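Next, two complexes with chain A in common: one pairs it with chain B, the other with chain C.
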Partner chain A sequence: MYKYNDFDHAFVRTRVAEFRDQVDRRLSGSLTEEEFKPLRLKNGLYLQLHAYMLRVAVPYGTLNSRQMRQLAMIAEKWDKGYGHFTTRQNIQYNWPKLKDVPDILDALADVSMHAIQTSGNCIRNVTADHFAGAARDEIEDARITAELLRQWSTDHPEFQYLPRKFKIAVTGSPNDRAVTRAHDIGLRAIKDSEGSAGYEVLIGGGLGRTPMIGKVVRGFLPKEDLLPYIEAILRVYNLSGRRDNKYKARIKILVHETGIEELRAEIEKEFLTRKAEFPGINPELLQAIEQDFAAPIFNKLSVDNHVARVAHDKEFREWVKNNVARHKIPEYAIVTVSLKPVGGTPGDATAEQMRVMADLAETYTHDELRVSHEQNIVLPHVPKAYLPKVYDELKKAGLATPNLGLLSDIIACPGMDYCSLATARSIPIAQDIAKRFDHLQLERDIGALKIKISGCINACGHHHVGHIGILGLDKAGVENYQITLGGNATEDAHIGSRVGPGFSAEELVPALERLLKSYLQLRESPEETFYKCYNRLGMDPFKEALYPHLKPKQIKRDRA
Partner chain B sequence: MSKIVRDYGFDRNILTVEDFISLATLRQGVEKPVRLDLGNDENPDGLQPYFCWLEMIRIPFPDFNDGRGFSLAKRLRQLGYEGVLRASGYLIADQYRMARLSGFDEIEIDDLLAARQPEWLWQSQVIKKKLSYQDRLLKTG
Partner chain C sequence: MARKFLPKVITSNHLLEGDVIYFSTDGEWVRNISQAAVFLDPETAHRKLDEADLQRNIHVGAYLADALLDDEGKPKPVHFRERFRTLGPSNYFHGKQAGN
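And then the complex of A and B:
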């Protein structure tokens, strides 16, 4: 894991002191509310529906037990005893007081953490594959690039006042677990025909009200060109991105309006100028980062007790099947701790649960935890020999729901419960769905399924790329939920299609029940997932299930 | 009236509109050193031959949230411009560091802002120039 050096420590402390001073200057009137706003946003402080919200960065989702315990302490001391893990691998506190925020930031700095650039029109906290360093299919640990980008983008003087927010995601594996195609810049580690390492660079992906899949701007970028090339992209965007309309200000709109060819030419031109005088990255610094991410020393313990427990314990077997993934070392496993208990708030963890996870990480799993963009916590390096113990501890803490990748592993944005932009509720909808299908006992039978819910068109719940996407809108004062089908967030990223008119909150769950029951009828075998079945059959049969009162003809006509 | 913010403190601005020419005028040719007003949406491509005639380039910040000027300054420096770069308009003290690191030498602000955000505040930013991840990442020497 990356360890802060003296510079990092000094930087983060200075930044806290600066923010303390900015809060004072706001109170004295030296800063207007308008001037203060971008400053507080760049320090992670949002104004929400009921209160301030502080979004803390967990760079590329990686943290250790000490940091997790500090997050628990903050939740107890300055919030209501819990925190919310987000789709950008951050943690949010929903109830801090403005006057306490500098102290919270200091407490974060105590454990090498911060809230810098988790909001505002700047380069946001860089995200990466949550299985980095543990995955089998990995070409390289994406966090090395992500940490380099964290340092480079932190307080970058040129890019603090961009037209809009800017998100970068990195994957080191061909299996894209970082949704790189839905980011302003997506980086995918690849090797060229001669075996040199580099990146495929995508730009212009994003969800929100105009969802777009990122386009390849450079098929192969040699590693050493990374920073000058990214600077070139950012400079072109900063100068040419639209500033007249907040909803058209993301780089995806620039790509769309300018065209990828023309934009690529501009970027390449800027890149050549920048590269000519770019001195290169300090090799010692780069080495230090690489060393920090060197794999831990794996001890190959006997897996016998694990195998025995799988054989005789059905519940354990179920959990292993769903929540445990293959590790690059055969004697190890990757455990995903579900923060989606049936009826709970997706992504919430209590201080007590955070401590349990921290203890497990420290005792059994090389002291590492990850936050996944699917709002779960990952224990990346668990010796199989310890899986039974880890499971038992998790179970005691209510953290062993065996639902990973299943129906109730729902992504939901904060929605009406917290967010001032929301047009509908999101969390309660997720809870209703999970409860209903739990009651029906259908989740296991339905199998792999990604449901994603957003409480307004800004799409923080990624509904566009859910196999089933749900978008909550407001129709004349009444919540109305639109369903999209066939979205995909992986390397084959795809935007789902809207099926038809929306449903009221009461109608929604029965509609989903009809939809999924018809899937069970329609599939060729249990191996054919909902997503595969949808792609084989197209929308019509599913539309019929959602709108049983429509005649088949009408369905065809509607689609035309 | 306006003030010029520099690393050592405030100065009174002595230049007026007449001291600057537009990009269109510049492109018609010059015979003596001039100062240029460059819009933050104007493209500096092809300006290199004029660089030796330019004593100053002034770039406006219509709003402190509009960061185009930072990239424009950086681009000019990378193209080889070595004369004075001035930012003018609405920048706040908290942005002084960014302006300096992007290549600006000085900032022209109006007296109202100067009263609300006094000299010492801007000067407190000078030292922070040193705390830069970007400089640190690069090879030196």
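And then the complex of A and C:
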């Protein structure tokens, strides 16, 4: 776990005091909204459809139990008793009052948290593999790199006014659970042929209105060169990124328009300058970070009671099968707590549920929790001996839905239920899909499936990389939903293809039902997932299922 | 052909609470669209918007929204976004629909 030093504590407190003064000045009329808006956004405070929204940074999704309890307290004291965990591994509060926000920020500072750089054209909260430090496939703990980048990027004077926001994701495993290929910079820990540790560096990935998969800018970057190289990328982007058009200002457009070869040459040239000036990472600082993220002392308890429970309890077995992943220590497991109950809001947890998860983390799982970009909570180090107890407690709190990686484990942005940018609602669509397929009892049969829903083209719901992506739009004053198929968010990242004309909210779930029933007919075996089946057969049979009344030419024309 | 002018209300968000508010016939800000002033011609609508805009220490981001009149002559939202703003979110009974 990261630890604030005296400087960090003082910095965050100073920022809170500064914001408190800014709020007072806004309320007294000394600051206009035009003057105040960029200041509140610098502190994560948006004005949304019905209320203010405060976005709190959870550094690379890592929390301890004390922090989770504080998030629960904030939800109860200043909000409506719940919080929304996001695809950026953050938490958002949907109902704070402006005058209360400085107090909320002070409460966050009490537990070494803040809302700085969760908005604006700066380097945002660095995200990482939510299984970091626990995954069996990992080369190294991605949080060490993420923490180094967090310290480097926080209030970095050169990069506070970039052409546009900038997102960095880190994975320490070859199996990419951090969507690194859809970030401005993606870092993948690798080793070179001699076994030295470093990174593959990707740039120019991103979703939004112009989705692009990141390109490799450096095949192998030695670890010690990380900061000067990242600075070189940021400097080239800061100087050359487009500021004339907000929609073309992300680094992906610079990569696209300049070409990766030319941009790489510029970055490498800048890197040489930066490296010459760079004194190197303070080894004491790096050592301190590594110590902060040292693995806990793993107690190898007997797994007999776990094995016995699996043998006789079908529900528990189902939950273990879906929500429990292999840990690097055989006697341990990684538990993902689903925040996707059937009919619930993806990513929402009540204050009480947050406390249950905090208690479990403190009692059984080395005091660690993670927020996943898939809007669930991870207990990364659970002794298998405690799995039955953890399951029982989660179940009592409505947190044991055994649906990880299945149809109802849907990513959905807040959509037009909250977001002022949205063009349609996302949450009711996710709820309707989950409820319908629960009614049909088809989820288990369908198996692995990633459905991702965005309520506008900004794609916070990652719809481009869903096996089934759903994009909500405003079509002549009516909510309308476009479907994309074949997206992939992993190391084999791929942008899905739009199938045809959109569906009304009422038409959408029946269309998905036709699509997935068709998949069940088309697959070669239950082992052939929807994604594999789509890749084998291509779009046509699925298009026919979605549009049974349209001729192929008509679909093509309507798509245009 | 010029688009037919639809009646307008002036709407914004309250500075302190962020809640959706409407400009009333008395020049006050009210919480319920049914109490909003309705403007039937573009000139008056824009003149009143300028007037409302002066009260920037009460609200944030005033704009004109299309409205229809119900049987009692009270304004109702036209676009679904504006309808949601009169209610609150659909996933919880929060916001205006819950009386807060």
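Please note the rule applied: the second predicted complex is superposed on the first by the 541 of 560 C-alpha atoms of A that agree within 3 Å, B and C clash if a C-alpha of one lies under 4 Å from a C-alpha of the other, contacts with A are read in each partner's own complex, and residues count from 1 in each chain.
We adopt the following convention: contacts are C-beta pairs under 8 Å (C-beta built on N, C-alpha and C of every residue); 3 or more make two chains touch, one makes a residue touch a chain.
Note that the structure is a prediction, hence the values are computed from the model and not measured.
Novice: For A:N458, decide between first (touching chain B), second (touching chain C), both and neither.
Specialist: Once the two structures are laid over each other on A, A:N458 reaches no partner at all.
Novice: So, does A:E277 touch the first partner chain B, the second partner chain C, both, or neither?
Specialist: first
Novice: Identify which of chain B and chain C touches the larger number of residues of chain A.
Specialist: Touching more residues of chain A than the other partner does is B.
Novice: Which partner does A:R235 contact after superposing on A: first (chain B), second (chain C), both, neither?
Specialist: first
Novice: Check whether A:A10 is in contact with chain B, with chain C, with both or with neither, and answer first, second, both or neither.
Specialist: A:A10 sits against chain B, while chain C stays out of touch.
Novice: Taking the superposition as given, does A:M416 touch the first partner, chain B, the second, chain C, both, or neither?
Specialist: After superposing on A, A:M416 lies in contact with chain C but is clear of chain B.
Novice: Looking at A:E479 after the superposition, I want to know if it touches chain B, chain C, both of them or none. Which is it: first, second, both, neither?
Specialist: A:E479 sits against chain C, while chain B stays out of touch.
Novice: Go through the superposed model and pick first if A:E35 touches only chain B, second if only chain C, both, or neither.
Specialist: first
Novice: For A:T210, select first, second, both or neither according to whether it touches chain B, chain C, the two together, or no partner.
Specialist: So A:T210 meets neither chain B nor chain C here.
Novice: Can you list the residues of chain A that meet both chain B and chain C?
Specialist: 29
Novice: Help me check something: in the complex, which residues belonging to chain C touch chain A?
Specialist: For chain C paired with chain A, touching residues are 13, 15-20, 56-57, 60-61, 78-81, 84-85, 88-92, 94-96.
Novice: If we count contacts the way the header does, which residues on chain A are in touch with chain B in the complex?
Specialist: Where chain A meets chain B, its residues are 7, 10-11, 14, 18, 22, 25, 29-31, 35, 38-39, 121, 148, 151-152, 154-162, 227, 234-235, 238-239, 243, 270, 273-274, 277-283, 285.
Novice: Can you tell me which positions in chain A touch chain C when the two form their complex?
Specialist: Within the complex, chain A touches chain C at residues 26-27, 29, 32-33, 47-52, 80, 94-95, 97-99, 345, 348, 416-418, 425, 427-428, 431, 474, 477-479.
Novice: Which residues of chain B touch chain A once you look at their complex with the stated criterion?
Specialist: Those in contact with chain A are residues 64-68, 70-72, 74-75, 78-79, 92, 94-95, 97-102, 116-117, 121, 128, 131-134, 136-140.
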